[in-house]
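Quick one: structure below, then a few questions.
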Amino acid sequence: MRPSETEPDFIELDRVSKRFPGSQQPGLKPTTLTIENGKFITVLGSSGSGKTTLLKLINRLHEPSSGEIRIQGRNIATTSAIELRRHIGYVIQQVGLFPHMTVEQNIAIVPEILGWTKRQIVQRVDELLTLVELSPHEFRKRYPGQLSGGQQQRVGLARALAGDPSILLMDEPFGAIDTLTRSKLQMELLEIQRKLKKTIIFVTHDISEALKLGDQVIVMHNGQVQQYDTPAKLLSEPANEFVRTFLDADAPYQQLEYMPIRHLITYRAEEVERNVPRIQENQSMKDALALMLDSPYNYVAVEDHRRRFLGIITLESLKAARRKWPTVGVS
Amino acid sequence: MLKPRISQTGKRACIFLACGLLFYGLGKWYLLRNTAPADLTIGSKNFTESKLLGEMYALTLEKNGFHVSRKFNLGGTMIAHAALQKGEIDLYPEYTGTGLITILKLSPVHQPDIRQNPENTLNILNREYAKRWDLRWLTPSLANDSQGLVITSATANQYDLHTISRLAALPNRFILAAIPEFVDREDGLPGLQRTYPQLSFTRVQQYDNGLKYRILLNRNADVTVAFTTDGALTDPRLTLLEDDRHFWPEYRIAPVIRQTILRQYPVIEGILNRLSAQLTTESMRQLNAAVDLKKQDYQTVARHFLKNRRII
Amino acid sequence: MFSYALHHHQELLRALIEHIELSVTALFIAFSIALPLGYSLSKSPRLSNTVVGLFSMLYAIPSLGLLALLVPVFGLGNVSAIIALVLYAQFILVRNTILGFRSVSPTMVEVGKGMGLSAFQLFRQVEFPLALPTIIGGLRVATASTIGIASLAAWINAGGLGAILFDGIYQNHIPKMLWGSLLITALGLSLELMLLDLQKSAQSEIHTTT
């Protein structure tokens, strides 16, 4: 029933290109890359860079003009596109919840099509609503029209995960959300990824979002992949002039600004003293440094989006990170 | 719990559908229960006299044991004729003059022998009808429902106007209230104007047959077209102009019937001929008056007439 | 007034049944054509304008004129009447069907496709329910107009309440005129109310907040 979670599930693009003759839509130049199982990949670029085109080739909303896409070694063009999409989660910026269905009914769509039993589906709905931090009892029977933007996107995410796909495609999902809620949602997404280990491909034009969330980032421009690397490598070793200027990689503390601290956390069970400055896990090294400058401590406490204590980051770890810059974030 | 198979709207639609079907089914059942299958279908055109005749034919045949279905109110001569040809009706009341001029398109002006000898009319009718459509004209009655022009008696007195020639000669401008088919038929305005060359009207307006006398009496028109058996002609306020040049031929009433039915039930001929013998121009006028002026319904009037003449 | 109805209830009932048969048959056929036609046309804006334009020209032809054109080909009676009624209804039904499906936001369709809904599933679960209120709105107008035009069917021997009405006019017979009009109105009104209820129900199921 549910796809096995132990099979390696990577995505290969083999000289894939896409042309839109006579149309405004951005094309894709021949591209070859591999996406590893369980990784969070962000695709970064401005409008017209071809990032959405790349995304839509994976669930065959676009068909490639040339080349082959393989998932788990199988060419996706050989099986039915509809069957493929039922096993890939898809989240878009406008969310697109069906207004004539309740939250529950929206989420249940793919499982129903896949033939799950009613009991399995009900259980799954509860599971997913809890995962996206919406109380099932309260939200199950609500209609999308009664939800805020942030709540809608949470349901959108739950709906995309309903069929337990191994791959999740997200097209600027937080673009229409206010900054505060966006920050929260980003952290929640990270936590969900920690739990579920899905392969996520996340398209965005926001540099800080791309670097903060991605294990690896695909930087795109004019339909071509400029660089495909960890955030650290992008900042310290930009592959070409475009990447350098786009990320403003040379600015002295730019790297500090963009680098998330989560790779540097020393996790601790016991709480620290009350006076130790605290920051959130999705904040940057620059924020950590700034706090330390103004305090007698040379470490800060890190908490998650629910304000639970996770661990600490020391000045030493920051300095060490600077020294071994390009390898930060590579597991 | 989850998505129900049929939406709420769908359920309501089904309820409405069920109610509708129930109503329709009941109505249909009630109608069918009260109608035995018909032996033959009688038609009529859509004016009083035709329906009276149709009803009389029907009642007479019913009295003689036939199951009759009625298809009255056909929209005109050509429609009735087409229905007869197709077998949608088996029999309907027609006029000899109409058969000749409108259906066979033989103008009396070109067939002088018809005018002289009315018997020739019947021969020609039966010969052509049998040859072309396997139809038959039964014996015509004496009742002659010809056409004519009618004015108010006031106008007649004002202009000393009693014949159509005089009307044609008058320099005044008159408005004609025409009825359906009159402006097109050979035996209507075109033919009339050939016989009375100076006849012309300042304006010709088309009205339904049921409205024409009201229009005339309301002074909205000066002249209208009459059927000589119109019930309204019993009203002293109206004057029928004399057709002094004898433009109009006879229009005697007769049933036209499909030969197929006649061969199947030959008795019909005798039955209807006996009925036709009872009809005169004057009696038709009275019958029409009962319906049009005294507002009785035609079924009742027909029945009374037949009872009085002991046909039923 | 009432004695007429009493004595002639069978005639009135027959005319009513005939009128229902004509109108409902025509509407059923018209809708069966308009729904798939409207759905496919809604995907192509240029084609929809052409087709709707064509039907609007048909709609502009006076009813008796259209009947007169059909009779020589299809004969008197129900067939010609129903063909005429179906053709008239197309203009309204097709136009509203197209409108209804176009009103479904493309986001819904994209997301539906992306989730792996087949074309039929997408239609039945997403597009149709969302387009339904507008479609029923069109059906309401088409029903009213069909019942009205069906009154003319009496002219070509297709029966119906028009026969009673016109009889009354020719004979200057008030009860017939009144009963003819009354029954036509009653028929139209009851169908209108039912469809209105369905339209409201379909609209409320979409649960848009004000």
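So that you can tell them apart, the chains are marked A, B and C in the order they are listed, and the count of residues begins at 1 in each.
Here, a residue touches a chain if its C-beta (ideal position, glycine included) is under 8 Å from a C-beta of that chain, and two chains touch if they have at least 3 such contacts.
From a predicted model like this one, the values you see are computed outputs, not experimental measurements.
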Geometric centre: closest chain by C-alpha means: C
Most remote chain, CA-based centroid, reference being subunit B: A
Geometric centre distance via CA averages, subunit C-subunit B, whole Å: 34
Averaged-CA centre spacing for the pair subunit C and subunit A, given as whole angstrom: 52
Chain centre separation (subunit A, subunit B; CA means) in Å: 86
Of all residues in subunit B, the ones touching two or more other chains: 3
Where subunit C touches two or more other chains at once, by residue number: 125, 129, 205
List of subunit A residues in touch with subunit C within their complex: 59, 61, 82-88, 90, 92, 94-96, 98-100, 109-110, 113, 143-146, 159-160, 169
Residues of subunit C that touch subunit B when the two form their complex: 10, 13-14, 16-17, 20, 75-77, 125, 129, 132, 154-157, 163, 166-167, 169-173, 194, 197-198, 201-202, 205
Of subunit C, residues touching subunit A in the complex: 105, 107-108, 110-118, 121, 125-126, 129-130, 205-209
Residues of subunit B defined as touching subunit C within the complex: 3, 7-9, 12-13, 16, 24, 27-28, 30-31, 34, 46-48, 71, 73-75, 79, 82-83, 86, 88, 208-210, 214, 291-292, 295, 297-298
